[in-house]
Structures are given as C-alpha cells and as structure tokens.
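Both of the next two complexes hold chain A, though its partner changes from chain B to chain C.
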Partner chain A sequence: MRLQRWYTPYLLVLPGVIWMVVFALWPFLNTIALAFTDARPLRPAEFVGFANFDKMLEDDRFGYALTTSLIYVVVCVPLLTFLPLLLALLVHNKVPAIGFFRTTFYFPVIASAVVVAIVWEFLFSGSGTINSALNFFGLIDRPVEFLSDRWLLIGCAIGLTVWKGLGYYMVVYLAALGNVGRELHEAAAMDGADRWRRFWSVTVPGVRGPMMLVSVLVCVGASRVFTELYVLSNGSGGPGGRAMSMVMLIQSMGKGLNGQVGYASAISLVLFLLTLVPLLIVGIANNGDTIREALASRRAVKAAKIKREATVQEVQR
Partner chain B sequence: MTATQTSGTVKPPRENPYRTRGSADIMKPSLGGLIGKYAMLLGVLALMVFPFLWQMSTSLKGAPENIYDFPPSLIPAAPTLDNYAEVFRTIPVVDYAWHSLLVGVGTVITTVVFATLGGYALGTMKFRFKWVVLAIFFSTLLIPAEVTLTSQYLTVKSLGLANTLWGVFLPGAIGAINVLLMTAACRMIPADTLDAATIDGANTMQRLRHIVWPNVRGMVSVVALFAFIGAWDDFLWPLVVLSDPANYTLTVGMQYLSSNFAANPRVIAAGTMIALVPIILLFALLQKWFFKGVEEGSVKG
Partner chain C sequence: MKIRTTIAAGIAVATALALTACTGGPSSPAASGSDGKISGNISFQTWSLKNDKFTPYFESVVKAFEKEHPGVTVKWIDQPADGYEDKILQQAGSGELPDVVNLPPEYAYSLASAGQLVDLKKESKILGDYVDGGVGAYKYDGIDGSFGFPWYLGTELNYWNKDLLAKGGVTAPPKTHAATLDAAAKLAAAGVQTISDVPGPKSLQIMVSDRGGNLDVYKDGKFVFNTPEAAAIIQRYAELYTAGAITPEALQNAGTANANVNNFNKGTVAWTTSGPNYIDKDVSVNAPSILPSVEASNGFGSPPLFVQGISVSAKSKNSATALAFAEFLTNTKNQIAFVKLAPGFFPGTRAANEDPAAFTETAKNKMQGVATDLAASQMNKARMVGAPKFTEAMETYAKQQIALAVKGEISAQAALDKAVEYAKQNVAS
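Then we have the complex of A and B:
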C-alpha cells in the first residue's frame, strides 16, 4: 500500500535534520572542542588541555556565578513545583468566569521576560512602589536598596521567575488533574478524609508523574537563568558582578573582539553537565525498579553460583 | 408543537455552581467555599495583573504626577499620550516592532511547514534509519540554547549573518520539540484513513492537505502560538547577534531604552507597553484554542 517513492520520507525530514545538525549538534560539538583551546576572535586557537578548567577553579567570578545559579535552582524548584499545583487546583473546577481567570493567570508567561523585569525594576527600585508600601506601613525608615545588594537582587530575580512561571506550570498540572479520577476523591471523602488529607493522599500521588516533569523543567530552566538578572542589574550583574548567573558569565566572557571564546565554551560545558544532573536523577528514579531488579538478579546469579560451587565441592569431598 | 419548543421544556434545570442542601456531589464546594474560592481567585488575579496595570497607568501619567506613591493610584489624574510620542522620538520603535514581527512570522511559517512535514514522515511512515532521525531530534532536546551560545554565534558569523535579522531568525526556525510534537499528533491519525486515501490515488501532498492537515490543526495552532511568543519574547540570542541599535528587535530595544534613557520611567513604561500589548491581545484572541488543546492533550495522554 505504498504509492510513494522510497525517498519521500527522507525528503520530508531532511530540512529538520539539517537544521538540528547545523544549529544544534555542530555548535555543541564545537563547544566541546573549543573548551580545550584558548580561542579568541581574530587569532588561531591552540589546544591547551584542561587549562580553562583549572582557570575556572581560581576564578572568583565563576565561583559567584555557580553559587548564584545553584541557589536559583534550590529555591525555585520547591516553589515552582508546589505553588502552581495549588493554583491549578484553584482553577481546576469549572465555576463561572473560570476561563477569564485561567487566561489572566497566564499573562505573565506570555509577556517577554525583559518587559516584566523592567516593571519589577521600577517596583523594587530605591524610590519604587515596594519601598513606598513598606514606608507606608511604617516598617522601614530608609528605602531598602533591593537592586544593589547581591542577595536581595537574587531574591528579587527569583521572585520574578516564580511569578512568571506560575501560569506555565499551572497549565501543565491542569492537563494532569483531568486524569485524577474523581472516584478516588469520593471514596476518600466517604472514608472521612478531609480536604488536606485528600490533597496529600489522592491529588499528589495522582500527579506524581507531572510533578517530576515540572521539577525537572524548573531545575533546567533555573540553571539557565539570564534575562531576569541581566535586566534587574542593568547588565552589570549586581555589585561587582557577584549576582551573575552562569549564562550571564558566558555571555559577558564570549562577547566582543576580546572575548575569551575558549574559556566561555568551557563554562558552557560545565553548565551543560549541570543541566544533565536533574535528568539523570529522574532517569534513575523512574527506572529505579528496573535497576534494582537487575542488581537483584545479578546477586541471585552470584548466590546461585556460590551455592553450586559449594555443592560441587561437597560432592568432590 | 414544534421540536424547538419541546426541547425547550425538557431542558434540565440550570446547574448550580455550588453544593446545595441534599446534594451528594462532594466535589462541589459549598456556597461559603465558593465565595472563599472567588476571594482567593481575585487575590491571585490582583497579584498577576497588578504589575501590568501599574505599568500601563505609569505610561499614561504626566510629569507632575507621582508614580511611586502608595497606595498606588492606578487611574491617572490627567491621562496623556506624551510618553508614547516621546518613545517614538527616542528610539525607532516602529522599526523594532517590525523586526520582531518579521522574525516571529518567519519562525511561525518555517516551524509549521517543516515540523508538519517532518512529523508526518516520522509519525506515519516506515523508513530505514528512522531511529537515527528520532535520536537526532531527541538528543537536540537535551542541549539548551544557552550552552551553545558562543559556538552558535561563531556559526552565524561564519555564514555572514552576524548583526542581521537572518542571524536572529535562522537558528530558531525549526525547533526539535515542535517536530516531536507534530510527530505525536500525526501518530493519532488512523492508518486506515491514510491507506484509503492512497488507494483513491492521493499523492503525498494531497494526503498532507486533505487528511493530515485537518487532523493536526489543533496541535499546529498550539505550536504556532508558542513559536511566535518564543520568537517575540526572545532576548539573549538577539542581544548576542545584533550589535547595531538600528537592527534591534523589540526586547533588545526595550533593554536599550531602559538602560540608556533611564531618566524618565514614564517613557520606558510606554515603551514596554508597546512590546506587551500586541502579544497579550494575540493570546487573548487565541486562548480558547490554546486551553482546548491543553485539555485534549490530557484526554489523549
């Protein structure tokens, strides 16, 4: 039942494959190669072995960037795993005007990160609305400089990321909540489980898969943070560049005629390995049973072998 | 008696959104619970839209008005469009919007066309080395664009496209995730339908046009919407590629405006509204299809 020529499928996937190779795989291989050179623009690159990675260990800026990115991940993951689930539960049931709420909760997601970061810059600036509010309630005497302190700046950026991400992960959970059967909820309620208990014993186990997915997405996304910190610090990376993220460091290292392309590539490689860690953890967690079974069967084989040897020895004796 | 009248009389009573006395539907909130729910919804709503409303009101306020007072006054006392005029005088914002639109529309077209073609082949056809092709797409998913930033720039530069809109557009023209999404959508098409079309003498293009396209339109609209939003909102890549302010897209232009002309927040607010309003309107228009697509996705798993 094939009235197509043999090359039709190849022709159909060809553009996509070319794109992936030219704009993803080739640059990636190139990054790996460049990471071991001292490449700079307008100069032939030379192989330097692990010099770039040695340099990283001594580079304060790399230490700051790694710290910032790791803190970003550690704070964002729990917040963006649970808050969107609560939000999804809030908009899950069909009540009048729920479409309106769902749509508006999604607005921060579709707005450009630059635009919302500029809004936050105004709200959190020394004379901004947040300071006016704190002053209004008599909590502070002097304005708090949110954007020129390393930790406060990172905190603001995390707040921005969480606020912007809520709607996105809410929709992921919304799709999943449809699959949690209401029978389970009803049965649990019959047995006298209150709302809180039902949340932990029915809803959370019901969306465990999507929850895993969300936490991985958040993890990878948070380690790639750039725009929020860049705009809030006006491109400087905070006081002394200490609130820079990994991507900001890569961008500032690699740019311009004097860019240290080799060093930037080495940092990129470290970033790539960082984004792989959560994927590996989930891979192991999801296939935990398979791995455990494999180990168990190996142990069983070994035990059987020992037993057999023992019997053989006994027989020989 | 006409049919319409009969159907009118047997119409079930309108369902209450809350649980009434004697109802056994425990999934429905009680009346008090429903009121609490709306209170929470309104609270979250305030949190989600306040920054946007505040920005809009700031952009409409004149110089004598204080924009940072608390409680914030969201309705300007003397609304003015001067700030918008000032944006147009300060930066070529129309050019920037045009550049963003070009990149966005270009991305949508290439994504829809090539992701559908590739998804059709991967989802419905059998061919040798299919697993290699799938492996290429899946492995690409693992590589974040930020990791290849530096080398990507070198690639684009060697193609002679640095500081051009082509350089901004090309790397994102086909996304691996979109091809895979279309593959999943095409797999849902019953093979019998395609075979029947083949027996009737339809060639590949006719099958695509008359069988595949109507079946995957829902997924196409979601993919297209996200391709456009992604291209319109992207910041890091245009920032790296574009060096001449004359070529900027809106996002880079906004950052340029905000960091170089920071004296007047009202003008910057007006600029951000110009970048924000089109995309919000687009989403508000298409949101019905979007949420429908999400729910359908959940049913199909």
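Then we have the complex of A and C:
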C-alpha cells in the first residue's frame, strides 16, 4: 500500500478553504477593517478609530432602523414559529384534496419577494384596493395611510413577511410532525388530555428541534429584512426614513459614488453583533437541558472533590 | 510542525495584504500609453440608449469615425437605465472606466474629484464651440478644469390633467407655483388631489425663484437652503396635505424618483412636472387613456437645466483617440442628428442651436409639438439646480424630513435645519 503524502489532505480541503476565504472570511474581515475608516468610493481611506460608532449614537436614522429591526424580530419570531405549526397541523390531516391546500399555502414562497411586495403595494396604496373598498362602503373620507405612516407601514411589511414565510415553515413542521408518534397522542387522550393539552404537551415537545431551527431562521431573517420595506416604501423608508430597517440604512448609506462605505460597514458590524444576541438566547434555550446537565455534573465533580479532600484530611489527622 | 506554521503564517500575510489592498484607496492614475496619434482600440459607453431608435444612429457614428481614422476600432457599450451609478463606480474602482463615457454632471464631479477624467479645458481646443450653460455644468468649485462635452440638454415642463382641473372648477392651468397651490386647495374641496410629490431643496430653488426670490443650496462653503422662504412653502404643503390636496403616496415616495409622474399617469392627480419628451415617450405609451386630457405649460420660475455630457477617462490607453471620438460624437452635425431622434431635447454646441429648425422633427402627438416649443422657449432661463457637493443622498434625506413636516410631525423650519445639518456632516472632504 502506497502512503499518501503529508500535503494530500491540505490539497483536498484547499478548494473549500479558498472559496470560504474569498467569499466569506475576506469580505467579513474587510468589513471590520472598513468600519474603522472613513472610506468612500474612489478616495483614500483613513483610520478614524471609533468615530463611525460615535456617529451612530447621534444618528437618529440609526435609532429608527434599530427599532424597526427589533420590532420585526419581536413580532415575526412568535408569529412565524407558531402559525406555520398550526397550519401544518391543519394540512397534516388526511382529507380529500389536502394536496391542493398544501400547494396553495406554499405558493407565496415560490413567488418573488419583489413581485409579492408590488402586489401588496397595489392593495395598500392610497388609491389601492383596500382604500377603494373602504371608500366605496363609506367607511373612510380620505385614504388610510397604510404606506406613509411609520407603524402601519411596518405592520404591512410584517404581514407580508409572515404571509410569505408561512408556507416554507409549514413544510418544515410537516416533516417534523411525521415523527411525532400517534401512540403518544392516544396515550395522552386516554389519560384525559384534551386537544389543547395534547398540542402543548405532546405536539410542541415533539417538534421542539425544528421549532428552534425555525425560530433561529426567522430571527436572522427578520433582523436582516430589506425587500418588503424597500418595495412597500419605494425605497424611501417612509416619511423621515423612520420605517427603514438596518439593512436598508446600510444600503442607503453605502451606495453610489458618494457612498459612506466606512459608516455603512460600521452599521453592518453592529447588525452582525446584534444578530448574535437572539441566536445566543435561542441557542441557550435549545440546549437548556445539556447546559443544566453539564452544570449539574460540574457541581457533582466539585462536591466529590471536596468530599475526597475532606476524607484525605481526616485520614491524615 | 514548522511547515504548518509557515503555511499558516503565509495565509495570514496573504489575508492581511488582501485586506490592505481593499480599503477604498484609489489606484494611482495609469501612465498614459497614448503617443498623441489617433489609433488603436477604444470603448464608448452610453446610458440606456441601445434600442430600435438609437442603435442605428450610434452604429453609423462609430462607422463614420472608424472610416475617418483607419485602424481605429470603437467598441460601443450601453448600460441599462437602472444602476448606472453603481456600474460607473464599479468600472472606476476596478480601473475599467470606458475611454469615452456618457456622464451626467453629478457623476462626472465624483470621478473628476478622484482624478479619473481628462481635463478638457486643457486637452481640447474646441471647448469654446459648446454652449456656456452646458460647459459650466462640468466645471466644479475647487477642481480646476472642465470635465465633459455638453451632449444634449433638456429642461422641465408642467403637465396638467385638464379633466381633473375642470372637476374642481379650475378652467386653465395655473401660471405660477403659488397659484398652483391655491388651485390645489380648491380642487381638494371638490375631492380632487393635485400633488403627489414633496419638494426637495432642488425643487424649492425653482419654487422660490418663481416667487421672485433666490435660494442657494450651497454657497461660500456652506449649505444654506434652510431659509424662511423655503420653510413657508413647506408649511403651505403641510396645510394642503391636511386639506387632502396631496396624496399619501407623496409621503410614501419622498426621496424616490418619478413618483409624481407615475401617479399622474394613473390619473389620480392633476399636476406633475416632467421632461420635454414626456408626451411621446411616456404618456402615449404608458397612459394613452389620459393623453387627450394632458396639457403642457412652461416650468415655473427659473426651470431646471438637465445636461448629459461626454467625458474622457484619464486612464485611457489611447487618450488621443478617445478625445477625438468624444469631439466627433459631440460635433454639431452628429448632435443635430441625435436630437432629431429625441424630441424636446437640445444640442450642446452653439452652432447647432443657431437654427432650431434643423433639428425640430415632427412630433407623434400634437401636445408633444407644443411641449417641444415650450421647452425651446424656456431654455435661456433654465439653470442648474442643486450643487456638486449636494449629493443624491442629501436630497433624499431632505425630502424625508420635509415629508415629516408635510405630515405635521415636525415644523418646516426644523425639517430644513435637519437636512442642512445632515448635509454638513456628510459632505465629502
């Protein structure tokens, strides 16, 4: 048998490493480097220390963008974690033509986010379907400002994100529901558990893993929301740019021949760090048992050690 | 172990070098490979002009130049309308700016300040052949030189939906901006909306000039558009919004281009502003149902002057050829042939403008002919709005703040003060 040379494993992983360095690690490190400069296109960049971060604290647009992104996360995570589960339970039943309903619920996922957002804009604009209908029935004198009021605009965008995401996460739950044993439900029913109780005590624990995955995906997606708000506000972020998300702000600050690339990179870095926080919380929640076990085992080891030392001391005495 | 350490160190050094190579610094200007002879290959880039109408024109211009200079090859590239600024940035950043390139004055300013464009004042002997307003658009405070040959010029007109005006009892299009706002209040009482845009500093310049005043955006090294006159106009907009004369879309779209035109095309508002070729290019194609109701009138006050120019890359390897082609493309004969295809626009040379009959073509629609005549009549008083240092991002921010003022959430003066402060903090040094 011929022995492989020492560098063979390195050669095998080299394409993957190059790919990762060029398209992931290098841009990431470059963003960090730029965040501490006053870089603008076609001009020499100078190191400015934490000036971009100081500027962020005084920039009211950053405050609005942060608020928008946080609201997006806080509202979208529970909605997109539980509504798709309920939908999956609904279409999990074997009834005639259920395939049709499953496909229908999945349709918004296939459609382009931009196209869907344009359709929503037709619905909610001042002369759109909803305002026209409300006006027709005499319910309003002037159009409801769905897309020019900060909170209504954010609400419409969240509605769009939830509607579009339902089908995707429904499929994730459908796959997981197949693994929840029927016998568990039967046993719970025999013990007197009603449907609601069985949902919380059997179904939810049964899909806990996928549920954590969904919440992590929704959390990351919501904190990086762009398309929905951008299209619904035609890129303006609403009056005062108050409905801009963090990514919209990064795009508006960094684009063009006069873009403030350094400042946009600093906001990107903050967004990255902020995304880590909910991920950390979800990670801890997901691995709660493991962490508890590890802590308990550590305490046990420590107690055993103390006990052993005490015994040794007693023997010595 | 030593080998592994060496590899790790090598990767770290390579990464560090790569990082330092990408922190936004400009590459040094390439040494000109030109020997002053008109020869070799050059590239020429236009902005959204490759279509059935213009393609034969550009092909014939390129062919004529190549025939005049045997051995020269001109490669014509056209970029789509959207994302042109990003494309220019990408090309300039990677040292691949086309030799001859179509640039509006604001893009040319950014490239000129980075030393990417040839100073035509120094290199060209025929700059005096072009109209002053056009040449002036490519001269910038703080940068010595002139950086574009004026190619085609345009201005802005008012367009009215006569049916909607009549609905509110307004029999003729208002003659002044102040009268327009009064008419908007009257129309609002009849349930007709007039305005679907909020003013930005650039349009406030026009509105103030229509009232006999003057509003500068940038003067003596300062942003100065937060005047009481400008604030009074915004305050009037806020009152009109409450009265229902302004659409919610005006606030939704604050800072985005063409929002007012899109709403006018839908037939939901009575007034918009647009370029001189709006009737043939847009209304007759996208909104033929409102075409019979549309009437054009002169722009208010000192209407804006829009200029498109041709610049030459400072990094061109055949700069003499590039300069010769830029001069050839923008000579009187070729400019007249070009604007014949673009009704409502005007050529950039003095000689071409001496005889407007030479380039006035029959418009497809009757109102387009009226619009072309109106545009010709106001070209003399048209002037550039904004300022080179006043970027698109600053205009967008100002419009966003003004939208808040129109909505009544902040005062008009506070909106302008915030916009000035933002411009001051974000101006490139």
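Criterion: the second predicted complex is superposed on the first by the 258 of 317 C-alpha atoms of A that agree within 3 Å, B and C clash if a C-alpha of one lies under 4 Å from a C-alpha of the other, contacts with A are read in each partner's own complex, and residues count from 1 in each chain.
By our rule, contacts are C-beta pairs under 8 Å (C-beta built on N, C-alpha and C of every residue); 3 or more make two chains touch, one makes a residue touch a chain.
The shown structure was predicted, so the numbers you read here are calculated from the model rather than taken from an experiment.
Colleague: Scan A:Thr37 for contacts with chain B and chain C and give back first, second, both or neither.
Modeller: In the superposition, A:Thr37 touches chain C alone.
Colleague: After lining up the shared chain so the two structures overlap, which partner does A:Tyr10 touch, if you call chain B first and chain C second: first, second, both or neither?
Modeller: both
Colleague: More residues of chain A in touch with chain C or with chain B?
Modeller: For chain A, the partner with the higher number of touched residues is B.
Colleague: Touch test for A:Val21: chain B only (first), chain C only (second), both, or neither?
Modeller: both
Colleague: For A:Gly240, using the defined touch cut-off, is the partner it touches chain B, chain C, both, or neither? Pick first, second, both or neither.
Modeller: The second partner, chain C, only.
Colleague: Who does A:Ser127 touch here: chain B (first), chain C (second), both, or neither?
Modeller: In the superposition, A:Ser127 touches chain B and chain C alike.
Colleague: On the A-aligned overlay, A:Lys255 touches which partner chain: chain B = first, chain C = second, or both, or neither?
Modeller: both
Colleague: Give one of first, second, both or neither to describe whether A:Ala45 is in contact with chain B, with chain C, with both, or with none.
Modeller: Second partner only, chain C.
Colleague: State whether A:Ala296 touches chain B only (first), chain C only (second), both chains, or neither.
Modeller: neither
Colleague: Please work out whether A:Ser148 is in contact with chain B alone, chain C alone, both, or neither, and reply first, second, both or neither.
Modeller: second
Colleague: So chain A touches chain B in one structure and chain C in the other; where do those two contact lists coincide?
Modeller: Touching chain B and chain C on chain A: residues 6, 10, 21, 25-26, 30, 34, 127, 234-235, 255, 259, 261.
Colleague: Can you list the residues on chain A that touch chain B in the complex?
Modeller: Interface residues on the chain A side: 1-4, 6, 8-10, 12-13, 15-17, 19-28, 30-31, 34, 87, 90-91, 93-96, 99, 101-108, 110-116, 118-123, 127-129, 131-133, 135-136, 163, 166-167, 171, 174-176, 178-179, 182, 185-186, 189, 220, 224, 226-227, 230-231, 234-235, 247, 250-251, 254-255, 259, 261, 264-265, 268-269, 271-272, 275-276, 279.
Colleague: For the complex, which residues does chain A have touching chain C?
Modeller: Interface residues on the chain A side: 6, 10, 21, 25-26, 29-30, 33-34, 37, 39-45, 55, 125-127, 142-143, 145-148, 153, 233-242, 252-253, 255-262.
Colleague: Along chain B, where are the residues that touch chain A in the complex?
Modeller: Contacts found on chain B: 17, 26-29, 34, 37-38, 40-41, 44-45, 47-49, 51-52, 54-55, 58, 67-72, 114-115, 117-118, 120-122, 125, 127, 130, 133, 136-137, 139-140, 142-144, 146-155, 170-171, 173-174, 176, 179, 195, 198-199, 201, 203-204, 229, 232-233, 235-236, 239-240, 250-252, 254-255, 258-259, 265, 268-269, 272, 275-276, 279-280, 283-284, 287-288, 291, 294-295, 297-299, 301.
Colleague: Spell out the part of chain C that touches chain A in their complex, as residue ranges.
Modeller: Residue list for chain C touching chain A: 3, 7, 11, 15, 18-19, 22-26, 85-86, 88-89, 92-93, 107, 110-111, 113-114, 116, 244, 247-256, 259, 266, 268, 391-393, 396-397, 399-401, 403-404, 406-407, 409-410, 425-426, 428.
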